[in-house]
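Heads up, the thing below is written out as structure tokens.
Order of writing sets the labels: A, B, C, D and E. Residues in every chain begin at 1.
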Amino acid sequence: MSMIEMKQVYKKFGDNEVLKDISLSIPAHQVVAVIGPSGSGKSTFLRCINGLETITEGSISVNGHEIHANTSPKALKKEIHAIRQETGMVFQQFNLYPHKTVAENVMEALLVVKKMSNEPAYQIASSLLAKVGLAEKENAYPSQLSGGQQQRVAIARALAMEPKLMLFDEPTSALDPELVGEVLKVMKSLAEDGMTMVIVTHEMKFAEEVADRILFMADGFIVEDAEPQAFFKNPQTERAQKFLQKVSEF
Amino acid sequence: GGNDNANQTEEQPSNALEQIQEEGTMTVGIMGTYAPYNFMDKNKEYVGFDVDIAKELAERLDVEAEFVAQDFSGLIPGLQKDKFDILVSQVTITEDRQKQIDFTEPYITNEVKVIVTESNNDIQSVEDFKGRTIGAVMGTNDEAFLRNVLMPEVGKFKLNTYDDVITTLKDLDAGRIDATINNVYALKPIVEENGYKVKAVGEPVKSDQAAVAVKKGNTELVEALNAALNEMKQDGTYEEIFVKWFDEAPPTE
Amino acid sequence: MQIVIENLPFLLRGAYYTLLITVVSMFFGLIIGLLTAIARIRGNRVLRSIARGYVSIIRGTPPLVQIVIVYYGLVDYGIEFGPLTAAYIALSINIGAYVSEAFRGAIESVPKGQVEAALATGMTERQAMRRIIVPQAVRYAIPPLGNTFVGMLKETSLVSVIAVTELMRSAELLISQYYVYMPFYLAIAAMYWMMSTMFTFALHRVEKRLSVY
Amino acid sequence: MQIVIENLPFLLRGAYYTLLITVVSMFFGLIIGLLTAIARIRGNRVLRSIARGYVSIIRGTPPLVQIVIVYYGLVDYGIEFGPLTAAYIALSINIGAYVSEAFRGAIESVPKGQVEAALATGMTERQAMRRIIVPQAVRYAIPPLGNTFVGMLKETSLVSVIAVTELMRSAELLISQYYVYMPFYLAIAAMYWMMSTMFTFALHRVEKRLSVY
Amino acid sequence: MSMIEMKQVYKKFGDNEVLKDISLSIPAHQVVAVIGPSGSGKSTFLRCINGLETITEGSISVNGHEIHANTSPKALKKEIHAIRQETGMVFQQFNLYPHKTVAENVMEALLVVKKMSNEPAYQIASSLLAKVGLAEKENAYPSQLSGGQQQRVAIARALAMEPKLMLFDEPTSALDPELVGEVLKVMKSLAEDGMTMVIVTHEMKFAEEVADRILFMADGFIVEDAEPQAFFKNPQTERAQKFLQKVSEF
């Protein structure tokens, strides 16, 4: 069964058509990298998957939970809630809760959404923080961490809900170049563990190495959908060629 | 204010009286919200017992009366800082006040009585106040009297104070307070207008004497005003004004 | 000076009422204001209009009139309060409108990413509001709330219209008794100033403590 | 209702004074407040302390006392104003303190990079302030200034203590004439509300226009 | 004569020593790239040169205007003012004036600092905007431009004062990867025109190609000071080796 199934998805903001006729299927355990110029709709694509944006036309199904453009608000709420339970998301700006410690950030959804009690939630948080290499930062506040550390906490926070799908929106582009590596390393190990992942990124080398599949977006369309090797060596469209050339210019 | 250029004129008049007469106007401070003593009528002019008295006084000093109405709290500093020449606004004579300002002879004696609702027969006099809730207009002598004189005498009661008589009576009518004490003259028009079912009972609790207030040390002015008051009482003008506002003859002294 | 000292107990009693009314009204005003702010931001169309109307009317009309209506106006409908209760009710409603604006501004200054992060982990809008947004907003809201509180300290003087002798009225009573105003005005100015300074200072400490993170 | 309509001209005259005093005081208050804010942010130690003291004292003490001091208290030093002038002076000084806090907040919310960019091109601190910071701060300052203005609209009622018949006082004069208060209070509440709504609306448009960029 | 001369410069923030014993000389027309890990003091180094930070010890002279740590405040003000007249700076966050149009942004200092009148100031702005390829954006507001366009306006703004020295603090790191190139191109052409430039950057390829000299900073020290070829091929210190490895990890 495929993890994500999109059929003729359109998304408008007012008159501005941002996603156009998106249809695709992403099987479980696949790692998909989404690349493309700024404003092409990459973030919107990602945010439609977990319902942070509602689609204007078409349908999306995530692990069997299906949203149509015309689903009733009540049913929509239920489906989106179900999808979010099984989906983790990591943002460019980390978005850690500044008023909570690192451990509390990871525990929060467990306490509130899963209604766990403190002790088991802490156990989970603790082991996830160890996994991302931050065991000793449990009691720090986000403001006391470097960007790379913050982003790793954000990943641990998303993993706490045991998602079947992880969405990443430019998770390294707010980081100092030297710190990018530590976050990519964590993501790579997730990929190796078989997590289904959709990653919007500008790190071409990472995409080439880690992804099973590249989606190249431009102007709201998915212009190319190919294996990394094929895409980077031999982009089919002029738009993609121009993009790859610009990005590698210096 | 009446004396705006008092400090600047080169040949300063030797006293307030001369100065008023030189200018030809006498500035009179009133509250302007105290019917029937001083208030604004439908033509937006100040009228009332105090206003008529002041006009009459001015005429006898051969000057024009100019009325300035403002909140009670502004009247006192206004007098002391020469914004007014006199106050004719039911300022009652007390020892404390006499230390700060000068008074003429009193021009009216207000009897203060116990006021209750018509159906109330439990309260006949201030002796019955103990343990009840009594209302008064704040800042007035009535309030000070209730608090400082009566309370120690008859025993503790709850004192609610109000901004004006209307609201006090409204609360009496509504049963929030058991009684109030008030100047009977002041009460009458309000009760009639609003149809409150209240009555005055018993002997007067006390009587207050109101006088014209003048800045301390203006002896000549006080004397002139006293003379004018006397004249008014002699020639019947005073009685005329009194009857006009209170529908009864002034009590004989 | 002498007179002020003689009458200090009386003035202090006024200050006590001023403080009492301010604190109680602020307490309920905070609750009303927070709910109103949430209604304006997250409510449906009807709730939003009600909340907006409430804020507009309350902020647009004089508190004196509000107090009078609560105390005298409602009697006609058989609703009756004691003076202190009426003061609490009227001023809580009044403060609530200002507080709601302070909270609304504060909630809107919490970065949007915070809600999104919470929603993405599966929280409902309500849970995100309660656990993530409001706790952060409280800190942003402290400076404007401080202003509201300090303003209310002085606005309480209006309740003298319904028979509560707070600080300003105490002074006026003394002034009409002694016929001197300056010492009393200066004395209560000093008292108001001390109260607001103490309060501002306390708030400052709370703000500092909240910004450990 | 009837009596309200009959007395509308009188009430409108009161409203006129309320508006006049508010607008004039706001105008001077804006100037005082802006200078104070700049003194607090860029001034030397002495200026900063003076500005802080001014804000603390003015915001901490009742405006009524301030009005009384300006009108009556200064007479002892040979300084005498007419009631309207005294009202303008006292309320301008009062508003100035609130305005300065609004501006200070606004100036501090202009990103630090803006000054640095200006300094780096060779501007002096003063030039950067005047050309780059203040114009941006004005926009941030509009919402809190709106609050101050609307608050002042109602605070003007205090000037009735110095013989200015503004809106609130007009109502009180009518109440003591007719012995009914509710219609008058409701009428002036409506008038205050209309004035503040009109003003809020106008300000909103200014804010919109300023945010073209 | 050297454009910049630093002698035993120290800079402390409270107890935190951020620049340590910096001595160097940068001749006119040299292009210097400053690289190093986050928090190593690169921005502070740059900001001390044009007086946005005051130094704690030592001396800096820029084109003959000299600042000592113990220069009196009044003299300091005068010297810094003189330095800033001859120095342009470009920030990571662009820092354009949002309430002014593109042309006004460039003209502002000419009007205020040089007291020029509108017409000649506009002529200068116009030709500089043409130079950075934004002739047709004169009347736009910054918020209507892409990041790359904004940064080019910022460069034009700095050039308006005809500086002898340009300072750049990570001018491309807030940009979308596709837009980085256009800014680097403008900088390269400045370098070719002989402008003296100090550039803090994470664009290693750009540094290697354009700079005459690399300063590698770590922990407040200038750890290496070398020609690009030598530095990138053969870093001398372990710290630089580790840094270069991390940055090129993916």
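Methods note: a contact is a pair of C-beta atoms (placed from the backbone, for glycine too) under 8 Å apart; a residue touches a chain by one contact, two chains touch by 3 or more.
Since we're looking at a predicted model, the values are computed, not measured.
Peer 1: Common contacts of chain C and chain E?
Peer 2: A, D
Peer 1: Note down the smallest number of touching-chain steps it takes to go from chain A to chain D.
Peer 2: 2
Peer 1: Quick check: how many Å separate the C-alpha centres of chain B and chain C?
Peer 2: It comes to 37 Å between the two C-alpha centres.
Peer 1: Distance-wise, how many Å sit between the C-alpha centres of chain D and chain E, to the nearest whole number?
Peer 2: Between these chains, centre-to-centre, one finds 45 Å.
Peer 1: Report the inter-chain centroid distance for chain C and chain D in whole angstrom, where each centroid is the mean of the CA atoms.
Peer 2: Centres of chain C and chain D (C-alpha means) sit 20 Å apart.
Peer 1: Could you please state the distance in Å, as a whole number, between where the Cα atoms of chain B are centred and where those of chain E are centred?
Peer 2: 80
Peer 1: Could you list which residues of chain D touch at least two other chains?
Peer 2: In chain D, the residues touching two or more other chains are 64, 68, 72, 181.
Peer 1: For chain E, jot down the residues that touch at least 2 other chains.
Peer 2: none
Peer 1: Got the chain B residues that touch at least 2 other chains?
Peer 2: Residues 73, 77, 167.
Peer 1: Using the touch rule from the top of the page, what pairs of chains touch, sorted by label?
Peer 2: A-C, A-E, B-C, B-D, C-D, D-E
Peer 1: Spell out the part of chain C that touches chain B in their complex, as residue ranges.
Peer 2: 72, 75, 80, 82-83, 160-163, 165, 169, 172-173, 175-182
Peer 1: Please name which positions on chain E make contact with chain D in the complex.
Peer 2: For this pair, the touching residues of chain E are 50, 52, 81, 84-85, 87-89, 91, 93, 95-100, 108-109, 112-113, 141-143, 154, 157-158, 160-161.
Peer 1: In the complex formed with chain A, which residues of chain E make contact?
Peer 2: 37-38, 146, 176-181, 184, 202-203, 205-206, 209, 243, 246-247, 249-250
Peer 1: Looking at the complex, which residues from chain C come into contact with chain A?
Peer 2: Going through chain C, the ones touching chain A are 111, 113-114, 116-124, 127, 131-132, 135-136, 139, 212-213.
Peer 1: Help me check something: in the complex, which residues belonging to chain C touch chain D?
Peer 2: 56-57, 59-65, 68-69, 72-73, 98, 101, 105, 143-144, 147, 150-151, 154, 157, 168, 181-182, 185-186, 188-190, 192-197, 200
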